[in-house]
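Below you'll find a set of structures to go through.
What follows is chain A paired twice: with chain B in the first complex and chain C in the second.
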Partner chain A sequence: MIPRIDIRLLLPVLSLALLLAAVFWLQPRAMSYLGLNLLFNLAVPVALATVAQMIVIMVGDIDLSMGAFVSFVACVTATLVVDTPALGYLALVAAILGYAALGALIQARRLPAIVVTLGMSFAWGGLAVLLLPSPGGSAPGWLRALMTAKPPLVPMAVLASVAIALVTHLVVMRSAFGVLLRGLGGNERSLGKAGWSPVLLRAAAYGLAGIFAVLAGMTLVGLSTAADANIALRYTLLSIAGVILGGGEFTGGRVSPVGAVVGALTLTLAGSFLSFLRLSPDWQIGAQGAILIVVLAARLLFARRRAR
Partner chain B sequence: MGHDDRAPARGTGGAVGATPIVRFEGTGRAFGAVRALHPSDFAVRPGECVALVGHNGAGKSTLVNLVNAVFPPSEGAVVYDLPPGAAPAGRSFEAGAVRARRAAGVRAVHQELSLAPNLSVLENLRIAQRDLAGRGWRRRASDRMRASLDAVFPGNRIPTRAVVGDLALAERQMVEIAMGFADGMEPARLVILDEPTSSLDASVAAQLVAHVRAFCASGGAAIFISHMMAEVFDIADRIAVMRDGRIVEDRPASAFTQRSLVAAMGHVAPEATAAARAAPSGPDILGADHGLSARAGEIVGLAGLAGHGQAEALSRLYLALSSDWRAAGAPRAAFVAGDRARDGLFPLWSIRRNVSAAGLGRLVRRGLVDRAAEAALARDWKARIGIRTDDLSAPILSLSGGNQQKVLFARALATGAPVVVMDDPMRGVDVGTKAQVYDIIRAEAGAGRTFLWYSTEMDEIRLCDRVFVYRNGRIGAELRGDAITGEAIVASSFEMEAEA
Partner chain C sequence: MKAATCLALTTALVVGTAATADTPDKRIALSNNYAGNSWRQAMLESWEAATSQAVSGGIVAAADAFTTAENQATEQAAQIQNMILQGYDAIVLNAASPTALNGAVKEACDAGIVVVSFDGIVEEPCAWRIAVDFEQMGRDQIEYLANRLPEGGALLEIRGLAGVFVDDAISRGIHDGVAAHPDFTIAGSVNGDWAQDVAQRAVAGILPSLPEIVGVATQGGDGYGAAQAFEAAGRDMPIIVLGNRQDELQWWAEQRDASGYETMSVSIAPGVSTLAFWVAQQVLDGAEVPKDLTVPFLRIDQADLDAALETTPEGGVANTEYDLEAARKVISDAAS
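Our next item is the complex of A and B:
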């Protein structure tokens, strides 16, 4: 129902608006094309990684390898894709298939995803170091051009975020395929009884998450023009926080793609907000955590109210 | 009383000549050594509405799961009537039988709700119906669901876009039933309804009964499972009675009366001769708000069909008795789990530690566990209860299921708690162990301990001094002494019409 989506989305949108207002108040010059682009530039890869995490959470799992995987993809993009494009893109496709295989493995062997992905995070990290032992590499030209494009009226970062939210919403919430994936998180047994293969579906979900994670790594390189094996390690917890901030729940397949993107934007903005406050970087991570706790506490209160 | 003394196609109330939608040919199913369904012949033809009745463990679910291709039969075959052109070829059972079941239009409405709560009503239909995909699938799903909901439950106010988790329990059940009858690529020909009215109120249940009658009148068929006698007679034109894994009666509904039906279900093998035991008298030592009570030294049974509130009543009572943390050393109640793996065993621990786990409060010296006392306790109970092992420090999983259950009994009895709560503790335990444990229970009761015993097995219930029969979450009847018979328990488990 419409009112339910509204309530689920209300809090993330409200927190984003509040934070944005605070930033504008602190730094009025941010209220411009250039300012907005700068504020949200780094949000694009975070949003993509958050969507990838959301798909994994949606099927009842959690992905602790997200940051390592995005870093690995960034290393592939900054080295192989630039030097030997055919091999590079092949490697990225293989990485997505690898993700799908992980999903199939987790379902078929009934393994806890948290353990499998934790283990895989070391595998991805190791591969990334092998490819790029020290920070370096370069961004493919088209990617750099895409990420620094200046469309009229609306900055690229905002446009990209809207596009990500829209595409994910269509795939996950509206398509017949998305229903099956959400059903896997909601009631796996009823899918099995209806004759669907949970193994294939979980593989599909992980594959889809892999596609978004690869896009996250590529856009990250497009923005930073170089890569490093540890470039995106923060993304693991950032993406989980973004999903939860955006109204998603850890179990039961209840997620909101639009909310997840808004959550990612909020988290990125929280960093800028703290810089504008001239808070020492030492305190920023703690303060970011505090913001997260406040928002989640507010959500809990809302939920209690509604349950009554 | 085998299957072979009955003609395969007997007692059809509907179109006798028509090809059965589903037919059992000497079909049976065993789970390991446990015989769930003896080889049976059974058929449902178009236009028939068959009620399936029987007490716990009579084999109803097994029969339904075979019709529904949840698992393959161990012997015999399940034959579906397929529409021309649909010749499902499948290498595996899943691919073949499930597809054949679907092509034959056999649908099931399950007792435990099987909807995905995070999806909307129309999205749940998408999971059941594969052809809902591609452009405009939401509209088509919504239309099918709307039409079915309005046909089965006229006047319902369930929006097809509502998220199932937001619906009330009764509404969810209505959605699930409507999904069973919804239009689809393979139209519904046989709908299995397993306790479909358990959370519906009377007027809605009447709508369902009327719809099923109309559905059968127009050539559909239904298998209906219910514990409400009135409903069974309202809806069915044929009744199949199951008992101990066999179809013991399969006749037109008109051949039964409520009493003869209960007699057919409840006639249990010769009464186990329990040595007479003087029922304890004296004041109740515990009671629950809904009427459950027990005296010191009494064995109190909780009976009725599975899932009618017995387990919940037990856990509420146990929680009330055991939640005082200051009494850790001398608990008022101990618990014996029936589901060993889920809430009984510590699978990685030794037998000794599993025995002592609940009574550790009495084995503590200066904050540490007194190892010697623990070993003595385990040795003592090994001898008293007959745990078959040479080595109490061996892992618990090295024991057989029956011996594992004895360990759980020893754990509860070793606490010294005056009340022992047992949640169907004999599930999957062999006969010899059962007899031993019965003796221990009677001896302990004689020594003044009170037992609360939830059981789904009739011969265990007959060992009790007093029995409360649960129905729909409430106590439907209280039986004592000689009044505790199979017939009486079945009669109170099933809802009768007011006059009965």
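Our next item is the complex of A and C:
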């Protein structure tokens, strides 16, 4: 069987390739082992957060607390995990369980996820400030070693991105569990009729998202070597944009894990591209938005042509 | 005239006393995390003014300024990594966070790049730090008030943006000062967020609950707002320590002319960015520079008011810019 190349994936990959070519042209120095690592290492936590957001979007919700939660995890990692590892890891597990409980609550009480997660963003932010009132902490040694590792031939950042895409693809697209979760976003009622508990499923989806978000916070600390309570606030919008850029849709059930990772890389690269262009900062946010709109418009055009 | 000084300096460099002056091919970048207030605007202008002369004088090859689109540490870390890729020899840094950029700063140091942080400094040990003794700035205010008001009284404290390290440090200094002068009490404390309108609202809100206030300790950018609030409430004008903003100096001059009002004004000169530039140039030049430097703050007393007001642009902040000689003096003072 010839593997069907998904148009949903083609566009994000093309935009990334185009952007990468432009960056190499502007800054040939980037075309090296060290260069690629510098371009993409901060994309690793963004990619993990984007995957977490994708899982939430997959079940038909949206998570506005992603940035605050990743910041909170970063604070836990930079303080508790270093000082009292047992307590630290326990706190991280508790945070994941907390995320799962949130999913259960949203399903059981039929609450709008957008409101619950917006509320939780203040809770996570408050906890982060309590843990780390002023910026500081340090990265656990193994984490720092992992994030600055120099594997032969392929830089760590590229290797990590491929691994994240592969694992997520297997879990979401190829496992029975993934099919159930996508079904929850697509057609919750039929799942219920088939005897599955939507409460448990949504809890599982949020728990899975929590795991990826925790990994995002930990890798971020591995890169920055310290944390503050506001370190990842941008991740909320970045992760949502990454999912959509990577071919996901808000309608639930329609996502592309590989696309989400590619989307996160594209967004990170767009920032570097604009900086190499020496564009004034006043224009940069607008230009980032413009890149997003161009890609989405291209997708719409493709989708229309296919429908014809 | 400035160009002439600059040329003379270049010549002095070429002739060379202690340093070898091998920086004409070096490129320096400024990584700045925020440009949204008058202080930061003045800081960028000072950088532009000082570095364009240095570039045209052939002291360095380039001195480009970059500001992140959003005031976020992750974005600034990416910006620093981009600068490494662009092959800059030195990065001058006003950091969004003292710790969250450590990883990126370490990458830069490992790539052989000189990193000089100022104002918003970074903790990574491989970087140079040009810090301001914010606690001293708080203590000096109380010292001044104690001189003016030997019998003491109730003070109002206006703080900055909660959770920012600068706010913490200045406030600690103010409280230290009050502890050393027990005749003073801090009757109330509000957050003015370093903005006149916020300070005015906050002070207006707390005033009705306060006894007679004899002095106001501030953090800069909030004194004029406080004065407006006192005036609107019809209360006696206390001694408000100001923060070098043009609107504050203007108000001070008006009050002085009308009623002989006396106070002092203190803040950091945004021109500290030019000091950071020269420090980076000196390090590239092979000079011995201690990792930790302290800049004096810029204080304006009654006698200096007219001169300061004359040189401060409307909507701006009183400023001092550093040239190479001044920077060398700061370095040698720190070394001794």
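Going forward, the second predicted complex is superposed on the first by the 301 of 308 C-alpha atoms of A that agree within 3 Å, B and C clash if a C-alpha of one lies under 4 Å from a C-alpha of the other, contacts with A are read in each partner's own complex, and residues count from 1 in each chain.
Please note the rule applied: a residue touches a chain if its C-beta (ideal position, glycine included) is under 8 Å from a C-beta of that chain, and two chains touch if they have at least 3 such contacts.
The structure displayed is predicted, hence computed values, not measured ones.
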Aligned on chain A, chain B and chain C: do they clash or fit?
fit
Chain B versus chain C as contact partner of A:Leu153, first or second or both or neither
neither
When the two structures are laid over each other on chain A, which of chain B and chain C touches more residues of chain A?
C
Give one of first, second, both or neither to describe whether A:Ala30 is in contact with chain B, with chain C, with both, or with none.
second
Touched partner set for A:Leu39, first chain B, second chain C, both or neither
second
Between chain B (first) and chain C (second), which, if any, makes contact with A:Gly195: first, second, both or neither?
first
Vertex chain A, Cα centroids of chain B and chain C as endpoints: angle rounded to a multiple of 10 degrees is 130
Partner chain in contact with A:Pro135 - chain B first, chain C second, else both or neither
second
Of the two partner chains, chain B (first) and chain C (second), which one does A:Asn187 touch, if any: first, second, both, or neither?
first
Touching A:Asn230, do we find chain B (first), chain C (second), both, or neither?
second
After the superposition on A, what does A:Arg254 contact: first (chain B), second (chain C), both or neither?
first
In whole Å, what is the nearest CA distance you get between chain B and chain C after the fit?
35
Chain A positions within both the chain B interface and the chain C interface are none
In the complex of these two chains, what residues of chain A are touching chain C?
27, 29-30, 34-35, 38-39, 41-42, 129, 133-137, 220, 223-235, 268, 271-272, 275-276, 278, 281, 284-285, 288
For the chain B and chain A complex, residues of the former touching the latter
70, 94, 98-99, 102, 108, 110, 114-119, 123-124, 126-128, 130, 132-134, 137-138, 159, 161-163, 165-166
Contacting residues of chain C [partner chain A, same complex]
35, 64, 66-70, 72-75, 77-79, 81-82, 84-87, 97-104, 106-107, 111, 123-124, 163, 165, 168
Under the stated contact criterion, what part of chain A meets chain B in this complex?
1, 4, 174, 176-177, 179-180, 182-183, 185-187, 189-191, 193-196, 252-254
